[in-house]
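Got a structure for you, questions after.
To keep things simple, chains are lettered A, B, C and D as they appear, and every chain counts its residues starting from 1.
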Amino acid sequence: MKFFSDNAAAVHPRVWEAMQAADSSDNAYDGDALSARLDSAFSDLFGTDCAALWVATGTAANCLALAAMCPPHGGVVCHREAHIEMDEGGAPGFFTHGAKLMPVDGEGAKVTPQAIAALTTPIRNDVHQVQPHAISITQATEYGQVYSAGEVAALGTFARERELGLHMDGARFANAVAHLGCTPGEITAQAGVTALSFGCVKNGGMNAEALVFFDPELAALTRYRRKRSGHLQSKGRFLAAQILAMIEGELWLDNARAANAAAQEIARACGNRLLHPVQANEIFVALSPAEAAALRAQGFDFYDWPAPEGRPGAARLVTAWNSDPGHVAALAQAITRL
Amino acid sequence: MKFFSDNAAAVHPRVWEAMQAADSSDNAYDGDALSARLDSAFSDLFGTDCAALWVATGTAANCLALAAMCPPHGGVVCHREAHIEMDEGGAPGFFTHGAKLMPVDGEGAKVTPQAIAALTTPIRNDVHQVQPHAISITQATEYGQVYSAGEVAALGTFARERELGLHMDGARFANAVAHLGCTPGEITAQAGVTALSFGCVKNGGMNAEALVFFDPELAALTRYRRKRSGHLQSKGRFLAAQILAMIEGELWLDNARAANAAAQEIARACGNRLLHPVQANEIFVALSPAEAAALRAQGFDFYDWPAPEGRPGAARLVTAWNSDPGHVAALAQAITRL
Amino acid sequence: MKFFSDNAAAVHPRVWEAMQAADSSDNAYDGDALSARLDSAFSDLFGTDCAALWVATGTAANCLALAAMCPPHGGVVCHREAHIEMDEGGAPGFFTHGAKLMPVDGEGAKVTPQAIAALTTPIRNDVHQVQPHAISITQATEYGQVYSAGEVAALGTFARERELGLHMDGARFANAVAHLGCTPGEITAQAGVTALSFGCVKNGGMNAEALVFFDPELAALTRYRRKRSGHLQSKGRFLAAQILAMIEGELWLDNARAANAAAQEIARACGNRLLHPVQANEIFVALSPAEAAALRAQGFDFYDWPAPEGRPGAARLVTAWNSDPGHVAALAQAITRL
Amino acid sequence: MKFFSDNAAAVHPRVWEAMQAADSSDNAYDGDALSARLDSAFSDLFGTDCAALWVATGTAANCLALAAMCPPHGGVVCHREAHIEMDEGGAPGFFTHGAKLMPVDGEGAKVTPQAIAALTTPIRNDVHQVQPHAISITQATEYGQVYSAGEVAALGTFARERELGLHMDGARFANAVAHLGCTPGEITAQAGVTALSFGCVKNGGMNAEALVFFDPELAALTRYRRKRSGHLQSKGRFLAAQILAMIEGELWLDNARAANAAAQEIARACGNRLLHPVQANEIFVALSPAEAAALRAQGFDFYDWPAPEGRPGAARLVTAWNSDPGHVAALAQAITRL
């Protein structure tokens, strides 16, 4: 019974079907009919003109976005525990040709205008110090916290005032939208987001993420950079098929709702073990080593997590679109019994 | 009836099956059982210890190989019409952090020790001139020409003498092996090749190529670079599955033989229109604009090609593992009738 | 009696004086009064608003210029024997983050619109092929040839039509202006040049070159890149002093005229040994190995050069601002006597 | 009366003399006799074989050192207020092709093995997280603190155990040696330092720093990188001359002693205003805005500094090799009178 991560879960049957349907086409790269439909499909979804490129990984999507918004001599503000800072093997430095990540702190891995201002306002406006050019936030955050539309809009306003781009790492964007019950446009285009990494892989896809630009010039530039980074697949139709299967219909939201609901069921069993409110599909709980061992002895697999002060230990539990209801219920019961 | 390219052909049913069988596993990145099997599967195939990494594209495979063999201040010798020089959107410059491609000429896009020596011997051994660090050849070449085992070995010997790495872009490696009837090791490890981009996508795969290192230290380094370039997929098992379906069994050779045979059938109809001997699955033919138009009017699609001197025009015809025998026969007849 | 190169000649006394006069100031970086005067001094010289930055080397000037005009995924057209292509150790690849140099051929190392068009027109306008973004020419060329105002203007027009930047490597710009008897503006700003590497080091300076932008936005960007490449010196006043000593007055032209005149004196002795017309301060002559040895036996030092077809050998002779008249006369006589 | 910085002070007369003496030589790049003497001169100074390269700036020296020790996918641990992190405009990212600086905290801008271990030990040894490859420390630190030989040796031992390179930014290395009264080798080669940026510019030089490698292979590699970054000057003899004037004799130590003594005189007047012990030539003092204004009204120029907690304001005062004794005495008196 695995609660390690959502990033290796099975592929949704409708995604498989869409991929198989794409097999008969044989236009190369992004010259096929499915790839050609991405821009309009996302424009419909977000209620505004946008341009979307498929890439195989969230790291590629994030870093192509950053490279489009930040010159090599600039900096990108992000949370100290952001995926781009902690878990992408230095990919931002590669794609941006050495731009600097500028980490800030914030509860639940959330970034605020105040935290960014505290970091960037003292930076002298001269060539000796790296100047910020963009902000990157994660929705939902690495601790499963969801920015409200108002919170994103405050960052968007701040970004516009400071002439910074605003990137959203949406590896779990669907979970955030499902939690908020808002439209996808309300927390992106309407809130001042420049580029969004729209995640599919953690949400029932196989190996396709969409990089959505609300500024079409950046998309045009990024098409060159996608090729140059080896991310232009010759059978790109299989990536487009995955993405369209997700968003033309409500599959992306249905899958996220399922994962979120499973997380809520577990969360209810956790009581004051919870280290963060559960808003998406990740549950961070205080667990002593003995308790963790007890759960594992019952067949539950999950990652240990660094223990916050005053707690004997911690763990991260992640649900997915296809989390087995029986496993979820069993885990909730097991935690209750601890 | 499309003879544009093999790079967008359908995915072979056995590849589909292998991918679907991989769905139930859920280990992330390359921590799954299929990915773990790659090293031994390729070591068996090549008859020597080697290490293999999956990546999604040939461009990524090629450029990760070059980056492993050439420092940013070095150079890589290749043919002037090599894919890395002509068709990868500057990806070698990106992955190597600005190393220089050093093009040489050669019949049929083949590189020889003589041509390389003519280019590199005059280079002064000082810091003002970029020093060569590697050679990259394409097997089969961009004109469908196949290096014999002896030709590769001559390059391997030359490379070793000059302390250069030797990379083989094997986007159509299977077609070359099928043509030669040799073992895969004879034209790689035994001939002094350092790294091979083992192509699957043009040969019935979907989006997985294998990057095979005959020097395991380079593979270890490249695992970091793969992640850093956004090419470490979280559901990597689907790439490993494609590759294993190809090589554990003779599928890779069967598919290449089919494509080669189709090319031979067309070649026989071309007579002295042939611009290069047909050895793999590409046919380059002299065609006047009127003849090209006549073929297109009969439903045959293909790319025009720059006309060599003394010819009124030219075209490239490419067959694939699944070229329709009826279409192939029809094309051969149509060319005969021209 | 050295005729190796002008790049290590002594520093002109007026340059020394200017440097010493700068010692008493103590404003750091480019915050001093001399550095602040560069923009207006060059604007006066070129008869148009421009912005100028000091850097220590021609390589830095050239490559900062290219990086300002060409994105990492783009290309820069230059002559196959251009300094940036042959003798800068891959620096263009470093400063541009991997952009591609696209060499063309041309008599006397000159580039023409026709040659550029022949190279670039066949490039498909897609992401698979590197797109040209700039042209770089050398004035005077690596073979001492001088572009006329009309020739530069033709390139400037071509560049504007194709939306390419136009860089001029003016390591020997002074020699070219002295030869043409034109104003410096006529072969730069008025002819469509975007950025000029204005050479001082070969012309009596110590270690300061001026990078002149006729587009001030590129200069602003380049100030960041200069710092980032370690080229912002804290005692920059000593570089500004060198440059101002050259251009506020006619020292730059006087020195170039002296070097050119010395070259003419030698050229007159060379007769049909001359491989190129002598227009600046470099003389390329046909010399058999025995003749070269004979000259060396008389105390003349110079570099051998690759022999053109039909010639038994060749040499390059370079004069400088301070070439000893006695040495020059002696060399002319010795060649005459050969 | 300027106490802004030592980085724009006048050039020492003996440095001027050495530069002028170098004028008559005319070997280009580092082919001259002075440049050729650097390796042996530094080997004598440090009591061990080492290789030394001149470069024009401390930023270039630091970043070439880092690039020699850390691959693009790696990281370099440094203090959060290190010059490379705060004041080099992102140059480390440029020279290393995007490696990551990993800042740690520490009193007086000093780094300790404990602080590094706390940062790096939790880093998982996998490709998702950037792995540390080097440590960079500043001697004396950005707050004028001097690492003892024992402190450096502890870092050297730690670095060796973890297989990390150890770089020392010695922009004020002379001041540190003068303070400690040790040999230069004791706090570098003997303590496990891999590469040292040996500063001259702040200590009476004009525009030459020495990059000293205690591992000769790294020096060989760096010669290519120096050229590639545009830092190989054609009249490099003028840089070698500056450096040799400093170290062949005790000029480097005499100058540092003078600056240190001036700092001590001011420090004695500061009493408990001192924010850090004064060990080199920088004095950090608590000053209210009114007090700072009062000093400025008397003609003293200096930079404000961020005030530590509980202090009304702060300032940085820097002395130089040529600080006017009268100015120093006047400043000391003025502070006493506050």
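Things worth noting here:
Here is the rule we use: a residue touches a chain if its C-beta (ideal position, glycine included) is under 8 Å from a C-beta of that chain, and two chains touch if they have at least 3 such contacts.
Predicted model, so just to flag it, every value in this text is computed and none were measured.
Common neighbours of subunit B and subunit D (chains touching each): A, C.
Greatest Cα centroid separation from subunit B: this falls to D.
Spacing of subunit B relative to subunit C, judged by their CA centroids, is 42 angstrom. Rounded to whole angstrom units, the spacing between the C-alpha centres of subunit A and subunit C is 50. Taking each chain's centre as the average of its CA atoms, subunit A and subunit B sit 35 Å apart. For subunit C, residues that reach two or more other chains under the stated contact definition are 72-73, 88-90, 93-94, 97, 127-128, 224, 227-228, 232.
Those residues of subunit B lying in contact with subunit A across their complex are 2, 4-5, 7-11, 16, 20, 23-29, 32, 55-57, 59-61, 63-64, 88-91, 93-95, 201-202, 206-207, 224, 227-235, 237-239. Here subunit B touches subunit D in the complex through residues 71-73, 97, 127-128, 131, 221, 223-228, 232, going by the rule given at the top. On the subunit A side of its complex with subunit D, the touching residues are 72-75, 86-90, 93-94, 96-101, 122, 127-130, 306.
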